[in-house]
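Just below is one structure, and these are the notes that go with it.
As written, the chain order gives the labels A, B, C, D, E, F, G and H, with residue 1 at the start of each chain.
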C-alpha cells in the first residue's frame, strides 16, 4: 500500500549504522564531519568546564579537530589548563584545536564577512574562526554601515568578488538590504545585539533583515556568527558538488 | 517661597482666554491655527459621518480651512453630500476645503517627501495633502528604496536641495538611515505598514528608524503622513522665526 | 589620506550607468536580471490593478519575463484581462509570463522543496513558481512532518540528492532541524503562518527555525516562498561560478 | 431553586476541616500529601533563608518529607546549617529530606525523563529529584536532540517502555513532537531557557511545544522540571486508580 | 564504539515498515490508530473542501473512523455533500464518521470537562466530540468560574470522582489553579480566546495556567479542545497499561 | 463664543497660586498634602543619595512627613546618615519620618492587605508602610493563594469586614478574582513579579487581573504597593466626604 | 493545630447556601445583587442570541433588572424581538431592562465620566449605562484631552466636585495623569483602543495609565466602561458604609 | 532610456571623493562635520578602551572636536589617562574635547531641554553636552511633569520662547503631548527608561509619544539624548538656511 519511492529500510539502515559515543552525560557524534562537512562543535553556553573538557578530550582522542563556541573566559581558562591543545580566542569567545589539516579548497571560493560597525566585530570573528577551523578562505570588510555610504561603495569590487557574503549588522540592520542589491551571490545576514532601546537586543535588526527589500537574503539567529559560517560552508559544499 | 521665574497667573490668564466651542459632543478649538500654525484637523477614524459633518460645518462657519484625515470612502461619501465644500482624496483618505488662502511662504522652504516603494504612496500622499492645505511647497521623490541604490543616488542633488525631508518606508525601513547620511537637513522618518510577517505591521520599520545608525533622524507613528507633515511645518516655522 | 583599496569612482561609475525607467509612480529596473540573475519581480500586495498592469506592460515591452507575487484573485482578474500574456496561478497567488526562455542549467543543480503538511502547500508553490519562471529544475516532497517520522525517513535518499533544500513548515517548525541534521547541502527554512494560538501566526516557527539545533540552517520571512526561491537561485549561481 | 446535584454544605464541610498551620508569615498545609499525593513543597525563589528554615522545621516536626525547589547555593548553605536533615543537590537547585519512606509503587510505572542536550540537564534533574522524593521509579535518557536523529532512534524501545515521558528541550523545542509521534503514552513537554536570541529565553520552545504537530502533548512552564514531575505523579495516580 | 543500549537497526526496521499512503498531496497514515490509540485526524484549517473530501474517503475506504477538526461551516457543507458518512457538529466545528465501534473502556475511567463560562463551551465541545469518537466516557460541568465560587464548590464531589479533568477557561484562566488544588487527578488546562484587551486573545489565560500556583497542571494550546482530549486519552492509556 | 460652564480664569488662578520650591534639580511641591491628602513622596529609584537627602531636608524643614519609596539599602545607608529623622524599612525598601501626627480616621475605615504567597510580602509591606505614614488603619492577611482554597475561606469574615481590600498576587494572579467574587467592597489588585518563565515578570498576573471575571476589580502597576495604598486613601477620602 | 481566626465551616455554610439556577448551559446567579450591590450582568460577547434570550428571561422572571454588555447590533435585534422588555443602546452596545427601581442614593455621590476625545465616547457610554441601570447619579465631561489643556482647565471645578472620576482616554492615555494631579478623589482610568500603530490597540494607553506619574490612579481593562462603572459602585458602597 | 532628472555620475563622483581613514578596525570619517554639521561622534557602547582611544587620537590629530557617548566610567578612566585632552562628564556618560571653537550661532536660536522628573536628568544632560560641544545655546527646565501641572504652567513663557524643544520623560511619557499643545515650535520627544513594570523599560513612554494627541511631535529612541540634540541641530541648520 505504501508508495514511498524507495525502500526506507535501506535508508534507515544507513542511518542506524552511524556511530556515536555515550560518555555518561552526552552522546559524542564522531561521524558528523563526514555527514555534514564540519567537525562536531561544542556549544559552550550552559556547559561546565568539566563537560567541555571531557567532550574535547574524546574528540581529540579520535583525531578530530575541535571548535568550542560561546565559551566564557573563566571557563576557558579552566578548560585550556586541562586540554593544552586548545587555544582560546577571547574576541570571538571560541576555543579551537586543529590536529589534522582540513582539505584544501579552491581559492575562488572566498567568503567575505562584512560588518556595519566596530561593535559588530566579535560576531564577525566567531564566523571567521569557524571558517578558519574548517579550512575555508575568508576575509573581513569592516565598518561600512549605510549611514556613510561612500565607505561601502569604495569597496564595491571586493563585494562582487566574493562567492558567499556574511553581512553582520546591529541597530536597524540595513546593511544586508544594500549589499543584497549590489551582488548576485548568496547573502547571509547576521543581526547583532548592538544598540539599545528600540534595537530590542537585536530583534529589530533580525526582523528588518527578514523583511529586507533585497530579495533572497537569508538570515540566522542574533549574534550567531558560527551559524552563518556553517551556512556558508553548506553553500560552498553545494558549489563544489555543482561544479563537478 | 516659589521660585518660578515669571508669574504663572499671567501666563495662565493668556491660556484661559483661548476660545473653544462646545457643540454637544466635541470642543471645537478655533484658536489652534493661531497657536500652532495650522487649522483644527479632524481625525476621522472612529467618528460617525454625523460628527465629521457637524465639526466641519462649525469650522467652515468660522471661515477656517478644513482637513479631515483617516476618512474611509463610505463615510466620506455621506459627509461630502452634506458638506459640498469638502472634496475627498481617496488615495490619502483625506477630505479638505480651502476657503481662505494660507499665507505665502518663501520658495526656498521646500519639503521633499521620499518613498521607498510604490506601496508606500498613500502615506506620502497624506503628508502631501496636509502640506498643500497648509500652503507649504512640497514635492515627491518615489520608489527609491535601498535595494536599488542607483535609483536613489541618481537624485542626490534633489535630496540635498530640500529644507526638510519626510522619508516614508515600510519593510525594514532602511531608507531614512541612508538619506540621513547623505543630507544635513532634518529627516522625519515615517514607517509604513507595508510588508508581512516579520514586518510586524510597521513595527520593524518603526524600531529600525528609531535605532537608525544615521544620527538625528526623528520618527513619527506608523503610516502617520499627517503627523510628519505637521512636524515639517513646525520646523519651517522655527526656520522662519530663525531667519528674522 | 583615504585608504580604500580601489578607486570608488570607477565602481560608482559602473553603478551610476545602470538603467532604470521612471513611469510616473515607479522606477522600473530593467537591469536587475543582469545584476542579480532573475527578472524584476512585482510585489503585488498593496498595489492597484492599474499599477501592476502598467509595470507588467513595460517589462514585456522590454522583452523581459514577468513574475507578480502576492496577487489576490480579484486584482489578478483585472490585470490578466488587460495583459493577456500573464497567466494566474491561484494556489501560489502568482501571475507570470515567460516570453524568453531562461538559460538552461545543469540538471545536477536540483532544488527540492519539502513541506511538513498539506496546509503549507501554497507557500511551497510560490517557491516552485519562482523557480520555474527562473528556469531552475525543482521538485516537491510533501506532507513529511516530524510527528510521523517514517514518512520522512522513507525519502532520505531524495533529501540527500538535492543541491539546495527549501523546507516549509508551520506550527512548531521542527522539520528544518531534522532535515538539517540529515543532509550537508544548504537548507533554507520557510516558516508558514499555519496554526493558531501559540503558533503566533508563524512567529513560533520562525523563531524555532532561527534557533534550530541543526547548524547552518538559514531562514526567510514567514510565508516567503518567493524569497526562499531567490535565495536558492543565489546559491546555485555561486555553485556555477564555483565550478569554473 | 438551586439545581446543584449534591449538597455543597457537605462538600464544603470536608474542605473546611482541612488543617493548616499559621506560622506568622505562611500557612503551612500539612494535609496536601493526603489530598494530592505529594508533600508540601517549598518554592525557594524569593524566600529568605529564615523563611525556608522555619517552614522546613515545621514540616519535619510534623514527620513529613521536605522538598525545597529553586534554592540558590548561598541560601542553601545557610538553611542546611540550621536544618541538618536537609541535603542540597546543586545541579537541580533542590534540597530534600526523606524522613519517612514514600509508599512503594509498581515497577511497571516507570517515568522516563528525556533531554535534547547536555545543557538541559539541570531541569531534568529537578524532575528526577522530585520523583525520587515522591518514591516514583524514574530514569534518564540524555542528549538525543533531533538534529542527530540516529541517537534517538537507537533508543526507540526505551521510549516505548515508559508509562509517562517527560521530554526536556530548549532552543526550538522540537523533541516532544518527534517523541509524541513515536509513543502512545502521555508526553509532558518541558521547555528550557537554553539558547539565545530567537530562543527568547525559552518562549520559542514553549510555544513550539504548545503548537506541536504531534497531538496530545501537554506542556508546563519554562524550566519547570518540578511541575512536570508532579504532573507525572498525578497521571500515575490516575493509572493506579484506573487499575483497580 | 557506539554504546546504544539496543540495536537501532531493529527498532528502525519496525519504524520503516509502518504503512502510509501517498494520495498526491498528502501522506495518509493508516497505522496511527495502532501506534497512538486514536484515528488519523484531519486538521481542517487551511485545507480545501477537495482535500478534506479526498482524505476522508481514503480513511473510510480503509474502514477507519474519521474526525475532522476546525472545519468551517461553508467547507463542511461541501464536504458532507460529497461524503455523506460524515455528520457536522457546528458548535465544535467538527465532522465525524464512526464506522467501527471503538473498543469499550472501563466506566471508572471517566473524563470530566469543566468550563468557566458559557462562552468557553465550543472549545469544551471539541474535546467532548473527540472523546466520543474515540469511545471514551466523558461528561461536562459548565459555568463554574471562580468569581462565583459557590457554583464550583457545590460540585466538589463530581470533580473528585473524575479520572482526568479537562478545565477550559478564558480571561484570566484561574479555574485550573482552583481545581488543581482540589483534586489529585491529572488536570489538563485549556486556555480559550474568550475576553478582550488584556485577555490577549487567550495568551493571558495560557500564561496564567502555565504559571499556576497549583502544581502539576499541564497546558495545551489556546482553544485546543482536541489536543486536550488526545492528552486525556494518552493518560487513560497509561492508566490501563498501569493497571495490568 | 466659548461655552465653558464656568470661568477658567478663576480656576486657573487658584491653580497658579499653588506653591512649589525650586531646589536646583527638583521642584518640591509643598502643597500636595493639601491637594491630594498625602505628603510629597520621593520616588527613590534613579535618584542619587544626594538628591534624596536634599529633598528630604526641604520637606522636613517645612514640617512635613516624608516617605521615600524604592530606596535600595546602600543608598538608604548614606541618606539616613545625613538625615537621622528618617528610618529605613528594608523589607519594603522604604524610608520614612513622621514629624507631625496624621489626622485620626474612623476605625471602621479599615484597609485589608491580602497576599497570595510569602514571596509577595515585600510588596504588601510597601502598601502597609504607606498607609501607616498616612495614618490609615490597616492589617495583613497572608499566604491565602487559590491553590489551597480552605486557607482563604477560613478568613471569609475578615475579608468582608474591610472597607477597601488590596490584594497582592504573583504568578497567575488569580486571587483578586476570587476575592472580588466574595466581597462588595473595592478590590485593588496588585500584580507582583513573583514567578518565572510564563509569569513574564508580573505581566501575566497584571493582564489576568485586568481581565478578571470578577467585575469592578481595579489594578495598579506591577509591584506597586505604594500606588495601591494611595488609591485606597483616595477611596477612603471619598468615603469620608460621602458620609458627611 | 489550625490557627484560623474563626471557624471556616460557618463561613462556608453561608457561602454554600447561596442560590444559583442551572438552566442547562449556564448557572444563573440570582444572589449577586445582594452580595455585590449590582445585578447579574450578561457578558454578550461570544454568546448566541438564544443564550442571551434564555438568561434574560430567567432574570426577568425572578424580578431582577437586566444589563447585557458587548452585544452586537444583529444579535441585539434577535434578542429584543424575543424579550421586548429589553431596550438596546447602540452607541454603548448594551441592552437593559429596569423592572424595579434601584435604591435611591445621596446626590452628593456623583460619578463624573471624562473623555479625552470624541472617539472615546462609546466606552464612556457603556460606563454611563451601567451606572444608570444601577441607579447611580453620573454626568459626562467630553473632549478635554491634554493637547488642548485650556479645555480641561476651564472645567476644573466640575472635576473637583465629583466623588469618583472615570477617565477614558485612548492614544497615549495621558488624561488620567493630569486629572489625578488635580483631584484628591479616586480616579479610575479606562484605556481605549482609539488610535493606530504605536497605540497598540489600547495597550499603550493601558501601560501609560498603569505607570502614571500621578499616584493612586487605578486602571481597568481596555474599553471596559462596564468594569469602571462597577468599580465606582464598589467605591460608593464603601463610602456609604464609611459614613455610618 | 533612464529618466533620472540629473546625471548620477556627477553626484556619485562627489560622493566618492569624500575622505575617510582606515585605521585597521574602523573607518574614521573626517568629512562628516562638513557634510552634516557636527563632528564624528564615537558611540562608546560595545567598544574597548583601546578602540575609543585610537579613534579619539586620529580625530584630535586631524584637529577635530571629539564627543564620545555612552562611555562607562571604568572605560572612561582608561581612555582619559591615555588621551588627556578628553574630559569625562559622569552624569551624561560622555567625554569630550573641544580643540577648535564651533562657529557662533544667533542667540535667538535657543534649544530648551525639558524634563518630567529628576530621574530623567542624565538623558537631558547627554543632550545638553552634545549641544555644548556643537556650539548651540541651550538651557534646561527640570521636574515639570504633568501630575503637578502648575509647575509647568508657571514656565509657559519660557516654553514659548524656545526655537526647538527637547522634551524628556519616562513612565507614561505624557509631557510632550502637553507641551506640544502649548507651543508651535518643533518638539522632539525623548522617552526614558525611568519607571518599572508597565513602563516597559521606556517602551510605554516611546509608544505614548509616537501616538501623542498633540500633532507633529517627533520621537527618538529611548534614552537617546544625543540623537535628540543632533535632530535639533539639523532643525537649526534648516532654520539658518531658511533665513538666508
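Simple rule for what comes next: a residue touches a chain if its C-beta (ideal position, glycine included) is under 8 Å from a C-beta of that chain, and two chains touch if they have at least 3 such contacts.
Predicted model, so just to flag it, every value in this text is computed and none were measured.
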Minimum number of chain-to-chain touching steps separating chain E from chain H: 2
Proportion of interface numbers common to chain G and chain H (over half same, under half different): same
Label of the chain whose CA centroid is most distant from the centroid of chain G: A
Most distant chain from chain B, judged by the mean position of its C-alpha atoms: D
Same-interface partner of E-G, chosen from the options C-D, C-E or E-F, over half of the pairs matching: C-E
Angle of the C-alpha superposing rotation, chain C to chain D, to the nearest 5 degrees: 180
Inter-chain centre distance, chain A versus chain C - centres from mean C-alpha coordinates, in Å: 23
Distance between the centres, which are taken as Cα means, of chain D and chain B, whole angstrom: 57
Distance from the mean Cα position of chain G to that of chain C, given in whole angstrom: 52
Where chain F touches two or more other chains, by residue: 2, 4, 7-8, 11-12, 15-16, 20, 117, 148-151, 153-154, 181-182, 196-199, 206, 210-211, 215, 221
Of all residues in chain C, those that touch chain E in their complex: 117-119, 121, 142-144, 148-151, 153-154, 194, 196-199
Chain H contact footprint on chain F (complex, rising order): 12, 15-16, 18, 20, 25-27, 29, 32, 43, 45-47, 51, 70, 191, 193, 202, 206, 221-224
In the complex, chain C residues that touch chain A: 2, 4-6, 8, 11-12, 14-15, 35-38, 41, 106, 108-109, 150-151, 153-158, 163-164, 182-188, 206, 210-211, 215-221, 226-227, 229-231, 233-244
Partner chain H, residues of chain G touching it in the complex: 116-117, 145-149, 171-174, 177-178, 180-182, 195-200, 203-215
